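To start, the structure under review is shown below, and the notes come after it.
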Amino acid sequence: MPYRLELTGITKRFPGVLANDNVTFAVKPGEIHALLGENGAGKSTLVKMIYGIMQPDAGEIRWDGSPVTVANPKAARKLGIGMVFQHFSLFEALTVLENIALGMDSKIPSRQLEARIRAVMTQYGLLLDPHRTVATLSVGERQRIEIVRALLLEPKLLIMDEPTSVLTPQEVEQLFEVLRKLAAEGCSILYISHKLHEIKALCDTATILRGGKLVDTCDPKQETSRSMAEKMIGAGLKDIVRGEGRSLGQPKLVVSRLSTAKTGHFDVPVDNVSFTVRAGEIFGIAGVAGNGQNALLDALSGEVRSGDKDAITLDGFPLGLLDTTGRRKRGLCAVPEERNGHAAVGDFTLSDNSVLTARDRLGMVMLGLINSGAAKTYTGRVIADFAVKALGPASTAGSLSGGNLQKYIMGREILQKPSVLVVSQPTWGVDAGAAAAIHQALVDLAAAGSAIVVISQDLDELRALCDTLAVINMGHLSPARPTGEMSVEEIGLLMGGVHGQAEARDAVPA
Amino acid sequence: MSTDLIIAVIITVVGASTPILIAALGELVVERAGVLNLGVEGMMLVGAITAFVIVFVTGNHYLAILMAAAAGVATSLIFGFLTLSLSANQTATGLALTIFGTGLSALAGQGYSAKPVTLLGPLFPGLAADPFWRVLFGYSALVYFALFMVVAIWYFLKRTRAGLILRAVGENDLSAHSIGYSVIGVRYMAVMFGGAMAGIAGACFPLLLTPQWAERMTAGRGWIAVALVVFASWRPFRLLAGAYLFGLVMTMELYAKAGGGPLSAIPSELWAALPYLATVVVLVLISIRRDASTNAPACLGKPFLPSN
Amino acid sequence: MQFRLEKRREPSQAMVYATPVAAVVLTMVVGAILFSLIGYDGVGAVREIFLTPLTNSFKWQDLGVKAAPLIIIGTGLSIAYRANVWNIGAEGQYIMGGLAATWVALATYGMTGWWILPLMLVAGVLGGAAYAAIPALLKTRLNVNEILTSLMLTYASVQLIYYLVRAPWKDPMGMGFPQTRIFSEAARLPTIIPTTIVHLGVPIAIVVALVAWFVMSRSVFGYQMKVVGAAPHAARYGGFSENKTIWLALLVSGGLAGMAGMLEVAGPFQRMVPGFPTNYGFTAIIVAFLGRLNPLGVIFAGIVMAITFVGGEVAQTSIGLSNSATGVFQAMMLFFLLAGDILIRYRIRRVAPQAAGVAP
């Protein structure tokens, strides 16, 4: 039996980067094949070539034994390749049905299409109301649309790009059931991830990429998570160094009954959130994306004010009515999730980006005029201390890679020595080396006596980093508990909340 | 008010609103595809002078309309090339297009300003002569074309696959691209359609309203059309209502003057300013209603920049 | 041979300055060709419009007088556009500034005193700023698009001139012409170079642009405008209020347009006439872009635009080319500039024909 998909010597070059360098591997029919690698290892580029979004500069793709050129996604679908993207290619203002119709290459009368959709949904237990508008659906439900859309084409190969990054552990288990069922029916699955325990649980084979090159093809069940991680990252893993016998100090940041107004149609506000972070403590907030994390960060940073001056206090001083500048002067700094356009201005130089948040704490303004020399000096220090790969303070923020920009942003805030630092997704999309550096910087800042709040969707990160954990779901924050006392299952249930079951009930089966 | 007067009012209003309606319908399709073309006024002027010259030379009104549409398409392609192929700023390019159309039409219209042409006659001359039925059948083909396009565009957007793809492109260009649709291609088609409609809307001025050429004779109607699209929350039938409302505002001076009484004492400059002030008021009213902006295409005015 | 656009790592500063120059040159070349193709004397048109105003020293004073309002309004617009606030109603704010100044001039008619002109200037600035406050209010309170409101108000302000000069402000001795009386001596802008028409507005324009340049490049105000325009979300994070910025952008650009209106009515016009709106407010949009939204660039762009205005008049008398050709040239310049923008972020690479990149 020929391989379902065979890649030989695939090479793809971008200006300044060799994204894929002579990659060769093959996927058998009915096999669940993991494509493993950290961010920037070239996984996405590779699958984009398989799906016809890009063309390889060199190499050969064979499909069921015969060489093919996948000119575009349409050609890929014609061959029988389906893909579920990490960032969903959905249209929020359109209905589920319209979204799926857009993904079909031939025109099918909408009634007939609806019948087929309902059939597929029942067969795989993917429940959804075809007439709902996508904007009203949860992230997990949106993923189901993508999967249904791919399955309607009866694919022989299904590519899943980081499918679990937005799901609760329970939703992940449901997804795995669907994938196993598909594989049993003979559909090959190319599963892209950097989560090792998932790959061990699901996949038959794993191909590991590093820096665009193929490192190894192995059987994940024969490997340990650590051995695969070392292949993925290259050097031995570095653990976070914590100070010995650390003890937590006085309460620094006290949030009591903080609520925000609902701003947009689909925003989730925070509702009656209370917690306390002590000096030296790293406080983690877990949760699935879109459960009020952004509203919480904005409310803490001062971008959105609640009107209650005592809702947020720092060392007993009420901050609730102060704007971002006032809070920064008092020692509360924040780093939002979105780097380009929120935490930094892509078109500005790094030096000008330092003026954005450090101008008052570091005296860069006199009589309404900006002291650009001071900004430049400070930026130089950030670049040096945090090993930011940039040409210098005059580089634009937009020219930095995601990881380097994040290091710069974290450095810009940390070197201001804030007494409270609130960060959202500190290592999202950042390579392992940079992530380790950022984690270490946060631990060091806490050791120096600052209180730190980390909002993240990455449970592994939170469990490794935080002293205390709470879970946010639909704007509500669970009671905080020491990290060691909470199991993954428990956190998963809190993340799903009642919400997860309610949505399963609401969905209309055929 | 007598029936005759009401009929006369309706006929004037329908005539005055037709160019705005046609231009706004074109812009609606363009915006639904995610493109903001502020050059409607300029394309209308190019259409107006083209139609005038053709009808002056050949006397053929339908040829004039066709050529005005072609001229509108040609002008819109400048905008399309800059904003779609070169990702230029849409707002600035639209403004440039209006400045260009104003200058070009004035240049081309040099020497035509005092020359008369004939208006396009009614489509059904027999019924148009009937004192009552003319209210339904007394209009020229351009008026029926506008009405037909309201229904056609509604059907296209709501019921056809091509319309669905167009909406998808305006809603999320990156997703549409990743599924495999040609975002730029769809947007070029939309921009060209908008150009054709603006050209025809411009043709309405010399062919339907005043049978002569005057520099800047569209007098900001293109901008009102752009505002109407917002007012109509990107829906064709609301556009129809909005355009007729504006037709009423624009022709109100006639009835005030004819009716006598205190209204006739209002200076004519205020009447002339009324459509513009009404546009501002309408924009205010629409923004007070909360849901208006949520219907805006999500990608409106943003350049399409696929990462790869 | 194929060409491909390739993203630059850093935006090219060289291209920021080179593309406006290239736009002017391309406009001259392509303009000459196009105008020849459609039956005009293309080369003559370009020569008269772009070169004669420079080579004929009698025209220099006209250049200064025409460039002054363009520079003042263009400076204001460059600040607003930096903040992503699309005030395109500068023409209306210019008109309201002119009307406010006229009102002062008529109210002080026959009086003398050094204070009349400064009072007119203040009235002009306030008039323009107040008219720009309407879009600002509607944008910040109700999120109404400022492009449409500022433009609609321009059309309305033109009607206001017509009304005022036809009825309440009409010159009693004007033989029925719709215009105000000529301002008294104290309300007329002095010329600064004897025997020319160069008035006080010309040096004021240069000072305005220089001050604006300093403020925009060095101050927190300038930083605020730029950061709100480049990334409103980041600006909010950095502690800058978007609404405050919209207000400032509209008040400054409206105030400067109003100032230009005052200088025009007290200088070249010396009375209010229906022909007062001369499209300076619209042309200043091109000036702001051609000057790369930088007040220093605006000075040069203002002069270039003034050249085309003066040259347009020259061409009209010398080779009988319609004045509207000027508008076509100006729009072409803006098209070329916008087309050239892509070169700031991308470079053009020649791509060798297929297969050359594939290893054997």
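Should a chain be cited, it is by its letter among A, B and C, assigned in written order, with residues numbered from 1 in that chain.
Throughout what follows, a contact is a pair of C-beta atoms (placed from the backbone, for glycine too) under 8 Å apart; a residue touches a chain by one contact, two chains touch by 3 or more.
Worth saying up front: this structure is predicted, and the values here are computed from it rather than measured.
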Name the chain whose C-alpha centroid is farthest from the C-alpha centroid of chain B. A
The pair out of B-C and A-B sharing more C-beta contacts is B-C
Chain centre separation in whole Å, for chain C relative to chain A (CA means): 46
I'd like to verify one number: the distance from the centre of chain B to the centre of chain C, where each centre is the average of its C-alpha atoms, in whole angstrom. 28
Counting only Cα atoms for the centres, state how far chain A is from chain B in Å. 45
Residues touching two or more other chains, restricted to chain B: which are they? none
Within the complex, which stretch of chain B touches chain C? 38, 78, 81-82, 86-89, 91-93, 95-97, 99-100, 102-104, 106-107, 110, 215, 219-220, 223-224, 226-227, 230, 267, 269-270, 272-273, 276-277, 279-280, 283-284, 287-288, 293
State the interface residues of chain A toward chain B in the complex, per the touch definition above. 48, 52-54, 72-74, 77, 85, 88-94, 98, 101-103, 107, 265
Chain A touches which residues of chain C in the complex? 6-7, 9-11, 218-221, 223, 226-227, 230-231, 233-234, 236-239, 357-359
Can you check the complex and tell me which residues of chain C touch chain B? 86, 88, 134, 138, 142-145, 147-149, 151-153, 155-156, 159-160, 162-163, 166-167, 282, 285-286, 289, 322, 324-332, 334-335, 338-339, 341-342
Residue ranges of chain B in contact with chain A within the complex: 161, 164-165, 167-168, 171-172, 174-176, 178-181, 294-295, 297-298, 308
